Amino acid sequence: MEVFLQQLVNGITLGGVYALVALGYTMVYGIIQLINFAHGEIFAAGGYMGVILISWMVAQGYPPFVCLGVALVLAMGYCALLAMAVEKLVYKPLRSSSRLSVLLSALGMSIFLQNGLMLTQGVYDRAYPGEMVQGGFEIGGAMVSYMQIVIVGITVALLVGLNTLVFKTRIGKAMRATAQDKTMSALVGINASRIISLTFAIGAALACAAGIMVGMYYGSVRYDMGFVLGVKAFSAAVLGGIGNITGAMLGGLLIGMIEVFAAGYISSEYKDVFAFIILIGVLYFMPTGIMGENVDDTRV
Amino acid sequence: MTTPASRKLWLGYAVAMLWLYVLLWPLIGIKPGGLEFATSAAIWAKLAAISAILLVLWQLKQRGVFDFVSRPAEAVSKALGKATDRVPTRLWLVLAFACAVAFPLVTERYAHDVAISVLVYICLGLGLNVVVGMAGLLDLGYIAFYGVGAYTYALLSVHFGLSFWLCLPIAGAFSAVAGCIIGYPTLRMRGDYLAIVTLGFGEIVRIILNNWMSLTNGPNGILGIKPPGAYWWQDGKIEHIWLGSLEQFYYVILGLAVCTIVAVYRINHSRIGRAFEAVREDQTAAELMGVNTLGIKLLAYAMGAVFGGLAGAFFAARMRFVSPESFTFIESAMVLAMVVLGGMGSIPGVILGALALIALPEIFRGFELYRMFVFGGVMAMMMLFRPKGLWPAKRMGARSEERD
Amino acid sequence: MAILELSDISVRFGGLQALTDVSFRVSEGDIVGLIGPNGAGKTTVFNVITGVYQTSSGQVSYDGRPLKALRPHKILALGVARTFQNIRLFQNMTALENVMVAQHSRTREGVFGAILRTRTQKREEGRIREKAMQALSFMGLADFAGEVASNLAYGLQRRLEIARALASEPQTLLLDEPAAGLNPAESRELMHTIGRISALGISILMVEHDMKVVMGICRSIVVLDHGVMIAEGRPEEIQRDPRVIEAYLGHG
Amino acid sequence: MKRALYFLSLLLLVSFVAIGCGGEKKDEKKAEAPKAAGIKIGSLGPLTGQYAADGNDIKNGVLAAIEVMNPEMGALGPVTLQAEDDACDPRQAVAAANKLINEKVTAVIGAYCSSATIPAAEPLMAAKIFMITPASTNEKVTESGHKFMYRTCGRDDDQSKAAVKFMTDQLKAKAVYIVDDKTTYSQGLADNVEKLCAGANLKVLGHEHVNQGDKDFSAVLTKVKAAKPDVFYVSLQNSAAAAPMLIQIARMGIKTKILAQDAVYHPQLMELAKKDAEGVYLTFGYTDKETPSYKKFADAYKKLGEPGAYSAYAYDSAVAYLKAVKAAGGTDPEKVKAELMKLDFAGASKQIKYKENGDSGSNYVIQVVKDGKFENFWNPENGQLYKK
């Protein structure tokens, strides 16, 4: 029971991070049907911006929570700019070409950014200064650290914020309209190009927050950390039904749980196998993911 | 170019450069000790200067300043093209083949090694081309078949001492079975779901190779794989030897690559190839025109897998060592990049793609730090200038699901 | 002798009743028209016959054999070919290749034959090409054989669709609005072509809006409205049928 | 199509000739002035990818050795380095080895991953080029019977013996939990430890594997916590993998003693894991940092950064080779081999003396992390604590 509770806590923390990154994949996919491979690198860049900003501010002598808060905001802005630059530079000109070409340029961008990070930040891991949030408490034998609380708290806040943005505001409405039908939304006066940029920016900001939290949680960041997490988050987005925001949150949480429980109860070396097998199994029976819309492509 | 348009262009350029600086500076300029501007400004200034020069050149070209050079050059290339058109295709093929055969005679070790790698990847690229280019099914886990082929030969050679030539078809068959296993659950899925499922399968295969200690020896890999045996001209008579030198390996893989090229070309121009393309173009219409689309898709996976498996068996024989590290996702991505960069569905395109992606990074090995950085950037940019690939197939359009 | 027989076909998509108890038959060598206002369920009937949709109840039989649970390519192999309302050619393949695909179900050679270029494979390939060229010539497209489908003019694409269907050597041909978008001269030409196809002994079932075409060549007509069959008979009977007139004009 | 083929053949021709002639031209140059070229040694290791940090340590170690040895080489010099990247990938390792053969190096210092060293050795041995690995501790490296294969670092089997001895003799442990991250190195070591535990009356409560590149170990650690072992034996590929593990161990409140191995010996460990690294034991090839030879090494290395786990070994490997070359008066492989076998000198890492099979013996001791520094703790040879 203790073990189970502990694994549950671990799973929720991990799942929350996956969900944040998965959202970026799903939103971009929803609007331009692109698997944005470079998204994982944006996540890594976020982690690095966190290190850079927090180290600097800590050295200036600001209190930890101020550092974290300011770094979070600044880094999110930075990542949004980065993602928009990537979008403008290599995705926008390809909007009318074959989807595989865009996929390839996304892959190229991913390699480019990853190595760019390596060149500017070095091959060594970069450490987050001190542990910002220390200690923890026990519930029923399960250790819950305050760090986990902070991570889950920030994740939930961001998810709620995103939901409000997408479902309650005019911008959100425009985003959903563009995702549905670009031509029609252009007719009613929505600037699709701007909305797409905005989608990239929001996705990137969320990934950036995830990057900072992962960095704080594991104590360090590395230039290639985006890849593995990116693949998992992308699986999470697909599991939930790619293009569906609620689905991505659910998918992220599920993948996190599956991974932790598979590692805890079955085998830690095969945990990714279980995650993928469950993903494939779900897709076999629900070909568009758990919450994806059923697209009937056999219509004549 | 008119003045307002030009002004707009330079305004855009200024914004982009500003943007670049905002992105560049924090990565380089913020240090725990304080803020620093000199390094990032220097790098930025170089980038800005180069791009400004390029922009000016481009504008001049638009205005026709270079016409005096480009017009005659165009005429020359046109004339050259006409002249080459007069020479029969067969002759070019023979010439290309002759070059390939003569290659090891004029080059040395390292070039052989690179050439072998290129040829292995040509086989892989052509195999994936059947799946992605012809049948239009996105596959991100293709390297798994390469791994299955490599391990099949490795295990059969080490445990049972079977010869390479006997194992080649077995490796192909095993890969085909693996292809069907992977293909089956994906038959009903649409393109992007296919992507993640194939990626997942690729990872599963790699993790199994890495963890099934009793079979694959896990991360330690399998050592002591026999090279192919052959009857070779030696000391004035024909003897059975174990192939050891790089030239010999080169000829083996050249043979394998030629067989692959011929096979893929012939499939492309057969009933099966047309069915592949029909599925790619419009799956529903293909089914209604009597093509068993599920069967054909499965066949496409199996076919692609066979070529991957054959290349894998050769890889194991050539390295005489296999370990799971050779079969990671990035390899799948590389093979896919070859196919798309070269031109989907086009055989010469795939060859060109393999040359570009394997040979070029090897040539630039000296810049190892910047190598992958530039490679990624070029790959992304390449798609902007030639979205259909270096050498597009004559007829190649969107995949069927893209139009739904 | 009925070759194609629909008995009490009903199709439901979720809550939507697309077809209700539709029954009719197509006799060998017959030309049957299927008409009705937009949304009456005509294309659904085609989709049911060719196996794209499954019926909720009722059954389709072809040549005395029930078609239930057969995949579309099997149904084509039995001899039912069709064209599409919105042209669905293989856009990036040449006209000839488009037509050659239709021979798929009539040929057998597999991968090994193709790779080794065996004698039987070559012979078969030659036969496919010959049959395809025949179909193209029959539709007057021989000169466009090497043209990529998407480059053909609209009228030619319509004809290519029919050629493709014919190349599968059908006994029954389902034409889904073959005259849509054609000018009067082309429509006349089409009527003539349909006559020639019928003369080959192929039964034809066609959905068409152009009454001139339907009344001109169909020997019997089935009228659908909101998924229900409201009339069946010879053209002149249908023209006088008050329910048909109401369906077309009444609640406009 | 024809034009396309024309371009293809043209391109093939040009590129082949370019690669071919490029190589040949270099050869000609060398043929003209063999003396001026001096000695070229190669280094092989992951300069990019996951283990780039360790690969750079090796490269830097060799660079330091060249700096130190160059003045001594006299007419044989100057010594130059050709550093190649293998990204720890067997295919790239073989390609890089072939490139080094092309570049006419006479010895290769490397590689890092055993899985790269083993296949890369094949072409190097065939070309009679020395391969001295400063980091591949897998037994198989020197057990393949290669004539020119040497190893300056210790062997996994020796290291695991030291580890088990420490757990039983000093920590008086009864139960141990083992985790590794599935590399040739880390798993080999963990498997050896597990095997030895059976004979040492040490109960193995569990042996888990995590994957390379994982950062989240919470699931495994939860199991460890529940199992309550006396010692937690952590065998990971490098310090970057170990640091998050240590952080999570502390966060989860696991108080068990932790024993790690030499790959985590890197100042990065304390930088990343900070106070959570305190009290961690590790087996490490003993290096006395007070000896003159180490200080000489450290001086030369200073401008290259902080020495990593294998920097000193890489340095010693290169120094050993260059000493042998100097003694042999040339780079003839047979003569150099004879001289290499005669060597017995105080290296930066340890006393360097190669055995017949190419191994140089192991000198594992137990170290502990104390106040952010690695300190010698216990000597398995005599079972004594080091005094501070």
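Details
The chains carry the letters A, B, C and D, assigned in the order they are written, with residues numbered from 1 in each.
Note that in this section a contact is a pair of C-beta atoms (placed from the backbone, for glycine too) under 8 Å apart; a residue touches a chain by one contact, two chains touch by 3 or more.
Just so you know, these numbers come straight off a predicted model, no measurement behind them.
Central chain (C-alpha centroid nearest the global protein C-alpha centroid): B. Interface comparison, B-D versus A-B: the higher count of C-beta contacts falls to A-B. Distance from the centre of chain B peaks at C, each centre being the average of the chain's Cα atoms. Between the Cα centres of chain B and chain D there is a gap of 33 Å.
Centres computed as Cα averages put chain A at a distance of 49 Å from chain C. Chain C and chain D have Cα centroids separated by 72 Å.
Separating the centre of chain A from that of chain B, both taken as means of CA atoms, is a distance of 29 Å. Multi-chain contact residues of chain C, defined as those touching 2 or more other chains: 52, 84, 88.
Multi-chain contact residues of chain A, defined as those touching 2 or more other chains: 118, 269, 272, 298, 300. Shown for chain D are the residues in touch with two or more other chains, namely 48, 182, 209, 211. Interface residues of chain C facing chain B in the complex, by the touch rule stated above, are 50, 52, 71-73, 76-77, 81-82, 84, 88-94, 97, 100-107, 109-111, 113-115, 117, 121, 124-125, 128, 148, 150, 164-165, 168. Chain B makes touch with chain A in their complex at residues 19-20, 22-23, 26-28, 30-35, 132, 138, 185, 188-193, 195-197, 199-201, 203-204, 207-208, 210-211, 283-284, 288, 329, 333, 336-337, 340-341, 344, 369-370, 372-373, 375-384, 387-388, 397-399, 401-402, 404.
Contact residues on chain B toward chain C in their complex (touch as defined above): 262-263, 266-267, 270-275, 277-278, 281-282, 284-294, 299, 303, 395-397. Per the touch definition, chain A reaches chain D in the complex via residues 2-3, 6-7, 10, 13-14, 118, 123-125, 127, 130-131, 136, 138, 143, 145, 147, 214, 218-220, 222, 224-225, 228, 259-264, 268-269, 271-272. Chain A meets chain B in the complex at residues 29, 33, 35, 48-49, 52-53, 55-56, 58-59, 78, 81-82, 85, 89-90, 93-94, 97-121, 129, 231, 234-235, 238, 242, 269-270, 272-273, 276-277, 279-280, 283-284, 287-289, 295, 297-300.
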